[in-house]
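Let me begin by handing over the structure; questions about it come next.
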Amino acid sequence: MDSGALESILRAFRSGELDERQAAERLKNLHFEDIGFARVDHARASRQGFPEVVFGAGKTRAEIVGIVESLVRRAPNVMVTHTDEGTFGEVRNVITDAEWHERARLIRVRRDLTDRGVGVIAVVTAGTSDIPVAEEAALTAEAMGNRVERLWDVGVAGIHRVLSERSMLQRSRVAIVAAGMEGALPSVVGGLVSVPVVAIPTSIGYGASFGGGAALLGMLNSCASNVTVVNIDNGFGAGFVASLINRKWQPPAD
Amino acid sequence: MDSGALESILRAFRSGELDERQAAERLKNLHFEDIGFARVDHARASRQGFPEVVFGAGKTRAEIVGIVESLVRRAPNVMVTHTDEGTFGEVRNVITDAEWHERARLIRVRRDLTDRGVGVIAVVTAGTSDIPVAEEAALTAEAMGNRVERLWDVGVAGIHRVLSERSMLQRSRVAIVAAGMEGALPSVVGGLVSVPVVAIPTSIGYGASFGGGAALLGMLNSCASNVTVVNIDNGFGAGFVASLINRKWQPPAD
Amino acid sequence: MDSGALESILRAFRSGELDERQAAERLKNLHFEDIGFARVDHARASRQGFPEVVFGAGKTRAEIVGIVESLVRRAPNVMVTHTDEGTFGEVRNVITDAEWHERARLIRVRRDLTDRGVGVIAVVTAGTSDIPVAEEAALTAEAMGNRVERLWDVGVAGIHRVLSERSMLQRSRVAIVAAGMEGALPSVVGGLVSVPVVAIPTSIGYGASFGGGAALLGMLNSCASNVTVVNIDNGFGAGFVASLINRKWQPPAD
Amino acid sequence: MDSGALESILRAFRSGELDERQAAERLKNLHFEDIGFARVDHARASRQGFPEVVFGAGKTRAEIVGIVESLVRRAPNVMVTHTDEGTFGEVRNVITDAEWHERARLIRVRRDLTDRGVGVIAVVTAGTSDIPVAEEAALTAEAMGNRVERLWDVGVAGIHRVLSERSMLQRSRVAIVAAGMEGALPSVVGGLVSVPVVAIPTSIGYGASFGGGAALLGMLNSCASNVTVVNIDNGFGAGFVASLINRKWQPPAD
Amino acid sequence: MDSGALESILRAFRSGELDERQAAERLKNLHFEDIGFARVDHARASRQGFPEVVFGAGKTRAEIVGIVESLVRRAPNVMVTHTDEGTFGEVRNVITDAEWHERARLIRVRRDLTDRGVGVIAVVTAGTSDIPVAEEAALTAEAMGNRVERLWDVGVAGIHRVLSERSMLQRSRVAIVAAGMEGALPSVVGGLVSVPVVAIPTSIGYGASFGGGAALLGMLNSCASNVTVVNIDNGFGAGFVASLINRKWQPPAD
Amino acid sequence: MDSGALESILRAFRSGELDERQAAERLKNLHFEDIGFARVDHARASRQGFPEVVFGAGKTRAEIVGIVESLVRRAPNVMVTHTDEGTFGEVRNVITDAEWHERARLIRVRRDLTDRGVGVIAVVTAGTSDIPVAEEAALTAEAMGNRVERLWDVGVAGIHRVLSERSMLQRSRVAIVAAGMEGALPSVVGGLVSVPVVAIPTSIGYGASFGGGAALLGMLNSCASNVTVVNIDNGFGAGFVASLINRKWQPPAD
Amino acid sequence: MDSGALESILRAFRSGELDERQAAERLKNLHFEDIGFARVDHARASRQGFPEVVFGAGKTRAEIVGIVESLVRRAPNVMVTHTDEGTFGEVRNVITDAEWHERARLIRVRRDLTDRGVGVIAVVTAGTSDIPVAEEAALTAEAMGNRVERLWDVGVAGIHRVLSERSMLQRSRVAIVAAGMEGALPSVVGGLVSVPVVAIPTSIGYGASFGGGAALLGMLNSCASNVTVVNIDNGFGAGFVASLINRKWQPPAD
Amino acid sequence: MDSGALESILRAFRSGELDERQAAERLKNLHFEDIGFARVDHARASRQGFPEVVFGAGKTRAEIVGIVESLVRRAPNVMVTHTDEGTFGEVRNVITDAEWHERARLIRVRRDLTDRGVGVIAVVTAGTSDIPVAEEAALTAEAMGNRVERLWDVGVAGIHRVLSERSMLQRSRVAIVAAGMEGALPSVVGGLVSVPVVAIPTSIGYGASFGGGAALLGMLNSCASNVTVVNIDNGFGAGFVASLINRKWQPPAD
């Protein structure tokens, strides 16, 4: 509970500025005003570099255009995930600086380019089929104020490929690694770097890959201690948490 | 590949200090000397605050004493996990400043107390049965140079408990949350803070908990975007990765 | 076996009103007449407020219209679940007071508005995607004579939302809680109220949600003792059982 | 938030009884005092007939005796589940009216015998091996102020057994049904009664019973709409929720 | 190995009717001629009442017509399963006595009406949705020379329905029971009869029915000892094995 | 309902032999007297050759001796499964003709040797480790009045072994086949014979055998249409159902 | 690391042909040139008989044509898997000797017909539905320079079929066996031959086949010690590894 | 069928050496004499270098000694797996050249040291805990006449370790790779070599490793095409099949 606000209500009550009913009402509202991150007002969230995100699947084009129009008024950075190029066309009619990202199937408006990270985020894939998920992670990280380096198609069956890029990996503050099939790449990357690795299992594979389940289990059992895991195909989540790891951080003032 | 080392070999070769066979041999060895974190010499690892860790299960007491004696010569901080008090007794005979941590069933030698973190790591459990796993995470984080705040038994069925500690949570740089049964606490904590949450599913539960599988699935499907997950009961891994998130970081010099 | 009926047959037999063959036949029929709820005649069921329900999927529009026409003759309240608006159009041609409920994709005729509940049933969802299932539960409960309060989109990642409605929850006789993904909301609600919570896992989610399986496991492992669970997406069942919990009850006369 | 308490703090502040710091402190504490059921003070919980429950597994005999001694001071009804007869012997040394229930392996102190239910709770098992779980449910329900009728070993392969008891079942306000193996009995009971059925899958079985998983799935897929399910072997939970269904209920005063 | 054939080859060899090469060749062929049922010539199989069966899915209409035309030349009874009415139209153009069975989606030619069974086969379903699978079993059994009695929609939630037909069930030589969802009906029928029950789990259900897996597990764990199980939706297999149970049997002459 | 009994009660009532209360009572009891097999009186069951069976696991030796003593008074054939040799010693003290079957760990009293089968039952195993389960099936079949031929260790990796015994298999009325690991033998036997095959998956195996689950799935997916399946390790059930298949059968008189 | 190349760089450096920067650069590149098989230049791979393979699914026709045109310039043998006849038409427009393989849905260019195998590879299927997968294996093996013998539809329910071909199987250097449903055929073939068997589970089946999972488990649990397994439907992988087993082999020169 | 044997029987019959009954008998026996590998006489198997193997678990020491004594009379190489040192002591009393292999818990008699391989077999482990399984594979391969090179503890989190041994790996004819946890090492080794890789998942791990299931799935989904898989912990099988791959091979003479 915000002590300053609490005390100012008490004082306003003592001074007669608020009557008892009003003071009680204000105090009840105060109750939830400091609970946290999820409920913070939009203005503050966007000042901190959190973009507004719309999950596009299952919404009509008109709905998406309407929502985006509304969001861009209060937030500089807005993304629409799981959408299509036709929707982008309609969004661009009203928001001319919207960008279309084909591989991630994602619309992005990015007006706040502030660099909020202490270092670079490496985004790595095992195969070319993993790129859409990884690209969603990369675009999210950029929208949250990070510099991103992409490294595609360096899976473990050709181990020299990831090794030849190890100096880039070793300069990063955090690595995101997307892999399907056996999901082994995060362990290899984890062994090459001394920073956190956020692993994304992808649903790439067939037969006993069980829709990404094999990759998920592989990553959870990683022998590298610096690997953590997000849900299958959850590019957005990986980009989000990697951004929180990378960001210049200061404890909130009391 | 370490450019400086490479060039100094070339020069030594040109100067005749190394003959062709010697230079070739040195170059071949150089090949793997820079691959990374996993292979770095112990001295450097301990300078960076990485403790030496022994997995105690399946080793005899004599073996553990021998290994620990050897490790403490080169590393200030050493841990033995999954061990027992009898083993600790024998370790303390030779290493008098070893500590026994009953709940985590863990021996720790901690001589390097350097603070390497930018903030505090919160370690949280849903129930009292989750404490051994969480304590393993907390002790690991301390051994890696972090300040830790523990918050036990604040599960979601009594939601006021975690809420009453939200200001502590909101001051942390990263939160570790251990929960068994339905594994819901990381989502609640994730909604309260704007930093990464490292979730540990524990094997606490019975029936359809499937040895922690239910908690694991719950955490992977968290509706809070700042949650990542490690393996069931993997306290060490969670403490390790949270330490990497919290540490004062600078990109390695080329 | 209904003793009164049994004895009246015996008397009619002794009086000669029934011959031996007729008495035997009546006694055989009597055999199943008291077995119970499932077999009770329609008139009695509808007097008790049980609606007639048609599962619409896999039936033609003509079939549904025919069935509904037949049912409304004997029951005041009739529902068609898993149907579409086109079917509704044809139903309304013949039953002009039929209602279309878009979100639940459900047709309802509701002529008996008797209040049969001792209190209110709260119907709660974690996210907006869970609303169709929850709405099916709510409409069922209403058709069975209950007052319903709806509370949408109060999932655990923004815990203040459900907390701000706790006084409504605490006034309810029973709560229905629908959630997908990690399925954690029923535990939180269970901790806030001292009445039964009927949890509905929904198939909302992707990857390791396994079609609602993760939410199902989460709810079965709830640390709140007042939570019970129905099948994935089973809004009708949850509404049905919550209605039985809420109803004014008297033991049947012998 | 308790409006009466809020206003009385405000008045005490205005009257000078509390200074600003004290009023602020009181208001902060008030914050969590009304959140709900889980946190209510013990005195009130026991006035409502909620027993104190100790999970005995993993605790020493001395610990259990200590906890029980402490609990009986403030609550008339106390239970220890998952314990053994030796522990009971030590508990009885200090609490002479403690009861030992061999089948459920449960210690119970029951001093408050108030009848809090509107009707009877039927507790039913498919086989004799299911009795320990069912008995835990029955003893819980009794400790919460309910009349219980037990019906053992009426599984579906001898369907006449449950049918011959249907009038008892039909007089109950709620039925608890425990079954292992194929878990079919709740569906049959559900078809015989028009009240809620709380189904408990038990871990009885072998081979493809998968530790109760087969019974659990059977119950979740029940074709009877009045069946809800708790976790495998969760007798306590089933007794708890059935007690909440059966209890004389009035909405809380605002 | 057929001793008569073996000896006649030896004699033909001794008599010079066969030279050494010819005798050796004949003996090699003889090798596999008696291995069994699967390889028996078609004429003998159809004399025994085994129909020719074509799995229609994945075959073109022209292919099916061609195969059926060929089969009817040597077998009096032929079935095409998993097909459609359009294919039936083309089959009937050439085989005018072909029958179309809409519910089972099955074409049948049935010219041999010999009764080969010792009794009646009861075919039972829990719900109306299980009928297509059960009907496939019934039609198979008829094609193999059995009298079949059908009993639809007698699931366990309305237990009086199956009970009212128990005398028919008790007169049968074998019962086939198809059920989806919780798959409990075979246990109930198994308890009513003293003959084998062949249980067919069907894929009817949703959510935690896992495509018939819940019903399958329920049936495998049946508490009735006379229940055996076939694969999910395997109506043909159940009809086949029930026919073998019912058939008038004599050990083959040596 | 037994018509004869019903009418004789009616006549006794009319004649005054029974008063109304007595007639009503008799009629109520009659209600369940014809429901079936499970409830038939013991005398009749043993006249039909159904043995009394005691599941020994979890019972004390004294309990087993007591139960067996009681059962042998009314039934000529009695079995105790899942027991040990020490128990057998105590049983033999009081029932001197009891037999001990080491491999199946089963006590059997067999006084009724009537042959009730139309043919022989073949009992087959893939490996020597499957013999305990198969022997339980064989001993059950014998106790139910069948001639049994045993064929051990003829698994598919040495296919000549089962082939060399095919004439024995082809003379049998029904075959029981027990196999662990991949569970392939029932398919091979199914292809060799034209009678039903009752397949028992055993829990023999390791790793990906998942406690018999792999064998179970293999048998359910058998490409031989005459294969049905019982639960993992369920030797008793397989012997029971095979006995029902083999028995000389006549429809019950009405 | 290629010693010859290393020394020639050193010499060129000493001779002044390379300056220090150039030598360092060359040495760095050399770093990855010898890591192995995956990275070897295309010319060498095709000299060894490894074909170029394109996974066709998800690529446009134009893309496939472009890729194939490029590949055939440097490799004599090229395959496109998971494609269709329309794509083949466009490929053939530019590469007139391309072949279309309908069953495997595979385009193949095969210009290098060198025989690289020591013996024959047998490719075997249990059923006709397994042929597409097996044919992909066979075509791959041919493209890698092997003689292949195909044996279709010899599943275990008609065991004489595979037995009658055992002499062919026994002459092979390695056998590939594709089977769905229970997946038993590899065990039988494994028992007939003394060479490696590469087992391919196929997704053929329904119900409890779980998309090939049952066959996969069966093969992993094979009682034949010479069986190894690849992923479900992985015809290409099986053909590839069988080719490596069969090929004339010599250790690489140092 | 062995043509030579067949013809010699025919000739002996014609010459009168065999009468008709004798010839028929011989021909019947001949029937199974050529079916294959599994049934070949022991003398021939040991001439081919196949060792006799005893699975020790579940056998008494006396039984094992007896079996081994019998086997060494006809086979030069004999192994006992899954046994203990005490058993070894008793075996050595009678077979003085028996060897004890502590890590694999395996007794081996190895008198035939013939080299039957074309190259070397590499046996590789990811961790030290995988060594027992790998050692069983290595000892099997040696007993079958192969040279073996062992490479322990080169898991993917320290990728430089396996890379530094790649020249050894690249000289091998076949590699066996044992790994638990995520099971990624076979993919990396598969990418380094151009020979077959036989992957053994081990049950090393905890939590979501599911007893080796995660490693198994990882290996089945390997992105390296030269990887095949055996059952979890199946060291013997991997050693056996690798020996068959490596052996000098010639097609059997007809």
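Labels for the chains are A, B, C, D, E, F, G and H, by order of writing; each one numbers its residues from 1.
Keep this in mind: contacts are C-beta pairs under 8 Å (C-beta built on N, C-alpha and C of every residue); 3 or more make two chains touch, one makes a residue touch a chain.
Every value quoted in this text rests on a predicted model; they were computed, and no experiment measured them.
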Set of chains whose contacts include both subunit D and subunit B: A, C
Most widely separated chain from subunit D, with each centre as the mean of CA atoms: G
Interface numbering overlap (same over half, different under half) for subunit B and subunit H: different
Between subunit C and subunit H, centroid-to-centroid distance (C-alpha), Å: 61
Inter-centroid spacing, subunit H versus subunit G (mean Cα positions, whole Å): 25
Between subunit D and subunit A, distance of the C-alpha-averaged centres to the nearest whole Å: 43
Averaged-CA centre spacing for the pair subunit E and subunit A, given as whole angstrom: 57
Contacts with 2+ other chains: residues of subunit D: 31, 35-36, 38, 157-159, 163, 191-192, 207-209, 213, 216, 220-221, 231-232
Pairs of chains satisfying the touch condition: A-B, A-C, A-D, A-G, A-H, B-C, B-D, B-G, B-H, C-D, C-E, C-F, D-E, D-F, E-F, E-G, E-H, F-G, F-H, G-H
Of subunit C, residues touching subunit A in the complex: 129, 157-161, 163-164, 206-209
In the complex with subunit F, residue positions of subunit E that touch it: 35-38, 48, 50, 118-120, 163, 166-167, 170-173, 191-196, 198, 216, 220-221, 224-232, 236-237, 240-241, 244-245, 249, 251-252, 254
Touch list for subunit D against partner subunit E, complex: 126-127, 155-159, 163, 181-184, 187-188, 190-192, 205, 207-210, 213-215, 217-224
Residues of subunit A touching subunit D in the complex: 1, 3, 6-7, 10-11, 13-14, 20, 23-24, 27-28, 31
Parts of subunit B lying in touch with subunit H, wherever the complex brings them together: 32, 35-36, 38-39, 58, 201, 203, 211-213, 216, 231-234
